[in-house]
Amino acid sequence: MDREGGDPGYVDLGFARVDTDRLPRTGDPEVVYAAGKTPDEVVAILGTLRDAAPDRPSLVTRADPATVAAVRLRWPEAQVEGTTVVVGDLPQARGLVGVVTAGTSDSPVAAEAATTVRAFGAGVVRVTDVGVAGLHRVLDARPVLQDADILIVVAGMEGALPSVVGGLVGTPVVAVPTSVGYGASFGGLAALLGMLNSCAAGVVVCNIDNGFGAGVFAARIARGMQR
Amino acid sequence: MDREGGDPGYVDLGFARVDTDRLPRTGDPEVVYAAGKTPDEVVAILGTLRDAAPDRPSLVTRADPATVAAVRLRWPEAQVEGTTVVVGDLPQARGLVGVVTAGTSDSPVAAEAATTVRAFGAGVVRVTDVGVAGLHRVLDARPVLQDADILIVVAGMEGALPSVVGGLVGTPVVAVPTSVGYGASFGGLAALLGMLNSCAAGVVVCNIDNGFGAGVFAARIARGMQR
Amino acid sequence: MDREGGDPGYVDLGFARVDTDRLPRTGDPEVVYAAGKTPDEVVAILGTLRDAAPDRPSLVTRADPATVAAVRLRWPEAQVEGTTVVVGDLPQARGLVGVVTAGTSDSPVAAEAATTVRAFGAGVVRVTDVGVAGLHRVLDARPVLQDADILIVVAGMEGALPSVVGGLVGTPVVAVPTSVGYGASFGGLAALLGMLNSCAAGVVVCNIDNGFGAGVFAARIARGMQR
Amino acid sequence: MDREGGDPGYVDLGFARVDTDRLPRTGDPEVVYAAGKTPDEVVAILGTLRDAAPDRPSLVTRADPATVAAVRLRWPEAQVEGTTVVVGDLPQARGLVGVVTAGTSDSPVAAEAATTVRAFGAGVVRVTDVGVAGLHRVLDARPVLQDADILIVVAGMEGALPSVVGGLVGTPVVAVPTSVGYGASFGGLAALLGMLNSCAAGVVVCNIDNGFGAGVFAARIARGMQR
Amino acid sequence: MDREGGDPGYVDLGFARVDTDRLPRTGDPEVVYAAGKTPDEVVAILGTLRDAAPDRPSLVTRADPATVAAVRLRWPEAQVEGTTVVVGDLPQARGLVGVVTAGTSDSPVAAEAATTVRAFGAGVVRVTDVGVAGLHRVLDARPVLQDADILIVVAGMEGALPSVVGGLVGTPVVAVPTSVGYGASFGGLAALLGMLNSCAAGVVVCNIDNGFGAGVFAARIARGMQR
Amino acid sequence: MDREGGDPGYVDLGFARVDTDRLPRTGDPEVVYAAGKTPDEVVAILGTLRDAAPDRPSLVTRADPATVAAVRLRWPEAQVEGTTVVVGDLPQARGLVGVVTAGTSDSPVAAEAATTVRAFGAGVVRVTDVGVAGLHRVLDARPVLQDADILIVVAGMEGALPSVVGGLVGTPVVAVPTSVGYGASFGGLAALLGMLNSCAAGVVVCNIDNGFGAGVFAARIARGMQR
Amino acid sequence: MDREGGDPGYVDLGFARVDTDRLPRTGDPEVVYAAGKTPDEVVAILGTLRDAAPDRPSLVTRADPATVAAVRLRWPEAQVEGTTVVVGDLPQARGLVGVVTAGTSDSPVAAEAATTVRAFGAGVVRVTDVGVAGLHRVLDARPVLQDADILIVVAGMEGALPSVVGGLVGTPVVAVPTSVGYGASFGGLAALLGMLNSCAAGVVVCNIDNGFGAGVFAARIARGMQR
Amino acid sequence: MDREGGDPGYVDLGFARVDTDRLPRTGDPEVVYAAGKTPDEVVAILGTLRDAAPDRPSLVTRADPATVAAVRLRWPEAQVEGTTVVVGDLPQARGLVGVVTAGTSDSPVAAEAATTVRAFGAGVVRVTDVGVAGLHRVLDARPVLQDADILIVVAGMEGALPSVVGGLVGTPVVAVPTSVGYGASFGGLAALLGMLNSCAAGVVVCNIDNGFGAGVFAARIARGMQR
């Protein structure tokens, strides 16, 4: 961990040690996970990150309205999509990530994923509402699915869409289960288990509703793929 | 519960009260669930059932090899498929049940279902190994799926096939999760939850590996459907 | 999937691909699952469906009060039962579905089931509050239970009613567990497991509180049964 | 804990402290739970108990064949039922416990319960194989059920029998779930949850397969009931 | 089920079939479980019960404030303890039930149990806040514990108190786990499992927070015990 | 349990038996767990404790704002940190406990732990926000971690920090999982299981969010360690 | 799904429909999952695959010794690693996948992953036994971890290694939980949940012990990455 | 991590990187967890450890008979207790750890704990079979419990003993749940949850059956305590 002259690789704010070393270590922008933090804490951490890497975007995820407002007050140019906020210019897109949803209710998770992909430097194409209950919709989307470098497939309920997509095309699939559903979906557990047991080889899985994690992973891949 | 002259509707064997009233009550043959019973107990119960309704088939399910042998010794004409045994002539088939499997490993459960359907008086058509990881196989089977009165769809792992079939045709679907899988399939739990949360309307579910229950239900339906 | 001249079988609203192909594919009306959608989204999807099949009813399920109000504003003739809304004339009833509840608290789920059955083209007879803790009530209902083509049995807590009904009559039983209960009912899990393990053959199961799914399945069956 | 002259109320065998104080404390015989103990350990503990209370029976539960053989070698008069062994004369029976089973496969647990009841000083009446799938069998048993002071109802699968019995008669019911079943019975969990959520008031529950515990409880009650 | 001249044993209110046959069948008053019912429904059911057995108390459990108010408006003499309401004169007490709590937070469940015991015709003695973390408190209560005919032991968190009490005295123990706790108590699951696995013989268990069920069971026992 | 002249070792407040014997028994101050108690009950219990041991601090944990206010009204000198309140002078610190957090969101649990440690007589050093996603932060903290007598390591999500710390230094580690996370964290279950399965020897675990329990344990150890 | 002249894209063996269309569809070799299939079935399916694509390797996974022997009898040149068998020449390696294990016991899963990676056309570098309990081992491996295109990180117990690796380098991480562990590892559940909740962004997860799935995914990525 | 001249702190055996740096890092002997390793692998790792620190004992845990035999062949002086093996001289004992068991069946776990404590340099006193079902046994052991520096309390079933001990004395308690039990003990889950929710402050918990982990932790504490 070779850092210059005494730089510890983080800034100690007392209540947080902000990791300013991630960029050289991983090549990625830093992110603030806002859940469980006060708006003031988020703004303070974000300020530290903006100072450390002003030419890179910073991301805030899981921001409640008060946090969104506080961030916008300080950085009026912030771009907000749902509970995700980007401060700083988006990098040029390298590679292409397809973000696919099974149903309309899965859109917030897909939006988090797509915003993250862009902030982490890859391009995005969206395919919406192609759940397996009307199979002709996903069959029609096949050319788009094949054209992407990697796919993020977002689905709740039984989470069958990644298996269908993974059987349809050879594009690598990152599956994101959502908490959409009721009763025996147990908050997304049914979709999660379904995706983990996919009979289609080459499907990997993220935590329930974790559009952000899928976005980071997919962007890293897409940026490096030969086209 | 109007039964003739003092007939209690069962025969008391000491260790078991054999329900001889089921035929008038439900129109169905009686069945011996052999798990947890000794071969002698199974033969004794089966003998009582054969005496009570000699012109109807009787079924033994979950029979281990010792039980199968004991039944065959007494009734050499018994027909055995895996762990399922039928004694007595099969009734004429009314209606048609499609029995569909996702993978080769799901075959034993499908066999139990198909044998049960026949013993309970309906006809069977089999569609084998049409898992969603190779979607063209199930798409090709569409005419058969549409032609049946009701479908039994058997699948392990993530259990996505009933959703795909349910989205493809309007035929009612009885889904049977199997314990095929490993790790986070948790003995069939993943497939069970997937099927319960199916986004395709009109999918109902049986217990894990319960080909028998699905067969009883589907046969009752198929026997009564207008064609 | 032979559709006329370039019709993709769905209408793309941007946020949703409305499946307009379901009617020829399944013979059923289309349904909007309103949970997780805004009132505006529901109205837009419903409008597309009304245009595609004006002579068929359309169903909205799990509608919150704001959505109910928005639908009523646009279609004042809409019929509302609890969280279920029907727009368009109900079809003539073919066949008969018995909707049976164990307790008064199970009524909302039974209402969703019954409304769905009617919208999907079958007739309904209700049997209410015949839980097993007072067995004479369900014994008295036996003639009605026998007379139906198929039964939807709705129960929470330990979910024992489908087993009792399934042992009493030969009518096929679709069991719906409800989230009625507390403590170790775990939101309906106890009833769900109980129904999946029913010792009465020929009981199939839906997701917790899924009156809609049971209604679709039962209506499809009842419409086709010989009487 | 007033014991005579320095008696600690137990005998220290090094590997075990045998509780010789239970009789004055609870009025019951002592029991050796043999699972996880070697035959020699069981014999040593049992010998201590026989010495401490020679005029009372001692019980060994969950004894494997080697342990049964070792006990019989030392006490040839031992009475063995399945995995339960009684050494010493049975006390006179006070009160009456009904032991009821849903199916033949539940018999081993019922046998453990019945043997325990007798060793703990109450009388037993058995009602066998009256599962809810053939309701007329349990209805016929109603007089016996009403005549007992307390009932032990043993059932696997969905465990519905205690609810039905509890709704049929006012006799207190101790429910014992068994591990009989497969798939979503999860080793008896379904029956356990079903019994805990019984809609029939006054049903209490024991651990899965715990015939012994139910027997102790019921015997204590039956011994003290006014008849 | 011999009832006089055409009395079906229930009153059909349309939304409910009120079981008016329970008294002759079980010897107990009827109870309205108010959760999931409207205040109007509760009052209507309760009115039917008051008419059917005016000389017996009727119980309402799990009543929210609106339901309590509605009941009081109609029956000003109603006695209310927490969420439990009794209408009608309490019967004379036969036998004695000890109601024991581990901590102050378990009091509401203990109150439901105690009120039920009284309404079902037995006497009550309370022992409060004798959790195992200060063992001298429960040791001091030993004489009271021994003197009761049966004990209801209410505990949350790890639910160890029934084991300690069951090891201390020979009085039969009905254990009631409560949802008191946090984290890995999982809403009372830890206490429930602890009680089901009690190493003290003769401990039986009710559903989480089910003071009512424990009260019914214990009252039935205590009323019949010889003193 | 030798107490002077008739002192039972507790004060009976009717709704609670306050354990005044803990100090001689365990050497620790008494604590009021406020969850599930009314503010008045908390003040009454606390008053009893202050009277019994006025020269020792008393602790209130899980106090909601109303309870905090009620305590402050009576004891204006009370020190409040989050939901933890201390009344009385803090004892001199013996030994040193390191309280380490993985992320900012884990701070409330760490604060409860640190306050408890001080009230129970040990010193505290805090290490904040050293989660494993930026490993250089925890590597830099190594000297502090080695210098403490015992460490409390607080982490949510996957709960990996105790394993890393336990592999880095030989200081004993008490791990506290927190409910920080979402989806498949299942309210802290993921972190709890992770810590229980730690591959680093010598990691012990507390309940989810149980900073208090970790604090009591660690303070008892630190007070007694040779330095 | 444009295939030449009537080729359905699969070969129907009666008991199986072998998908011969996967190569053009996904660019990957076909695989036989041997669990639940007889050796004869595996050989028959494998023969079909060898005929369809003789210039590509075919993979058999989860082969028991009898299946391995049967495959070797027919194809003596087969390469066997543990329960994984490759028939046919390995393709030239494009890209580099790092396969990392936490402990020696995780080796079989890592071997399945590495063999799969090679058969699917990418190169492999192994890093063995770098669990977090001795952190210096993984720190030393940092250059190798950075140099790979993608990492497969295999770990049982608490599954913390992917978080540490993901925090150390920017290389994308596919985490594979193993069933290594005991007690509260619950067959790999603890590791699975830990990995799903990883605080390191960009970690995706496969099913427990699913080295094959991770290998397919990683090979597809590595083959396409720019170096 | 300052190690001399190029010593990486581990020895690379190809299949394992043996951590030879633990002694300076943690002050403890190294341990081989034998489950999932071949006897040859265990012997090879153990040989490396003996060479690295010949004057310290090395421990093998979870050794099956073949591994025990292989170790004894190479090191005839090895001391074996159950599945735990110690090679090398035991260090002098500093401090005192009490190892307490609830029942005879918990002895193997207690033996693993006690052997580990000794190998890690502390003294041991055993208290056996003092389960809460006979409370006088644990009350009699109070002086021994108070005299130890720290207690390891081993219990299966409901796991109540640590709460009772923790309420009885102020000595810190490390609780170890065991898999002793059946049915709803779910392999030790009931005991684990019970201990995590202990109402006695200052109880910390290890994994199910993890006598080794408890022993390491307790020995580290006891070695450092002032007496």
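So that you can tell them apart, the chains are marked A, B, C, D, E, F, G and H in the order they are listed, and the count of residues begins at 1 in each.
As a working rule, contacts are C-beta pairs under 8 Å (C-beta built on N, C-alpha and C of every residue); 3 or more make two chains touch, one makes a residue touch a chain.
Please read these numbers as outputs of a predicted model, since none were measured by experiment.
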item	value
Intersection of contact partners for chain D and chain G	B, H
Chain C to chain F, fewest steps along touching chains	2
Selected pair, greater C-beta contact count between C-E and F-G	F-G
Computed distance of Cα centres, chain G from chain E, in Å	57
Whole-Å gap between the CA centroids of chain A and chain E	51
Averaged-CA centre spacing for the pair chain C and chain A, given as whole angstrom	36
Sequence positions of chain D contacting 2 or more other chains	103, 133-134, 168, 183-185, 189, 192, 196-198, 201, 207
Chains that touch, pairwise	A-B, A-C, A-F, A-G, B-C, B-D, B-G, C-D, C-E, D-E, D-H, E-F, E-H, F-G, F-H, G-H
Residues of chain C that touch chain E when the two form their complex	103-105, 107, 128-130, 133-134, 136-137, 139-140, 180, 182-185
Contact footprint of chain B on chain C as seen in their complex	25-28, 31, 149-150, 168-170, 172, 174, 192, 196-198, 201-207, 212-214, 216-217, 220-221, 224-226
Residues of chain D defined as touching chain C within the complex	102-103, 131-135, 157-160, 163-164, 166-168, 181, 183-186, 189-191, 193-201
Partner chain H, residues of chain D touching it in the complex	1, 8-10, 14-17, 19, 21-22, 33, 35-37, 41, 45, 62, 177, 179, 187-189, 192, 207-210
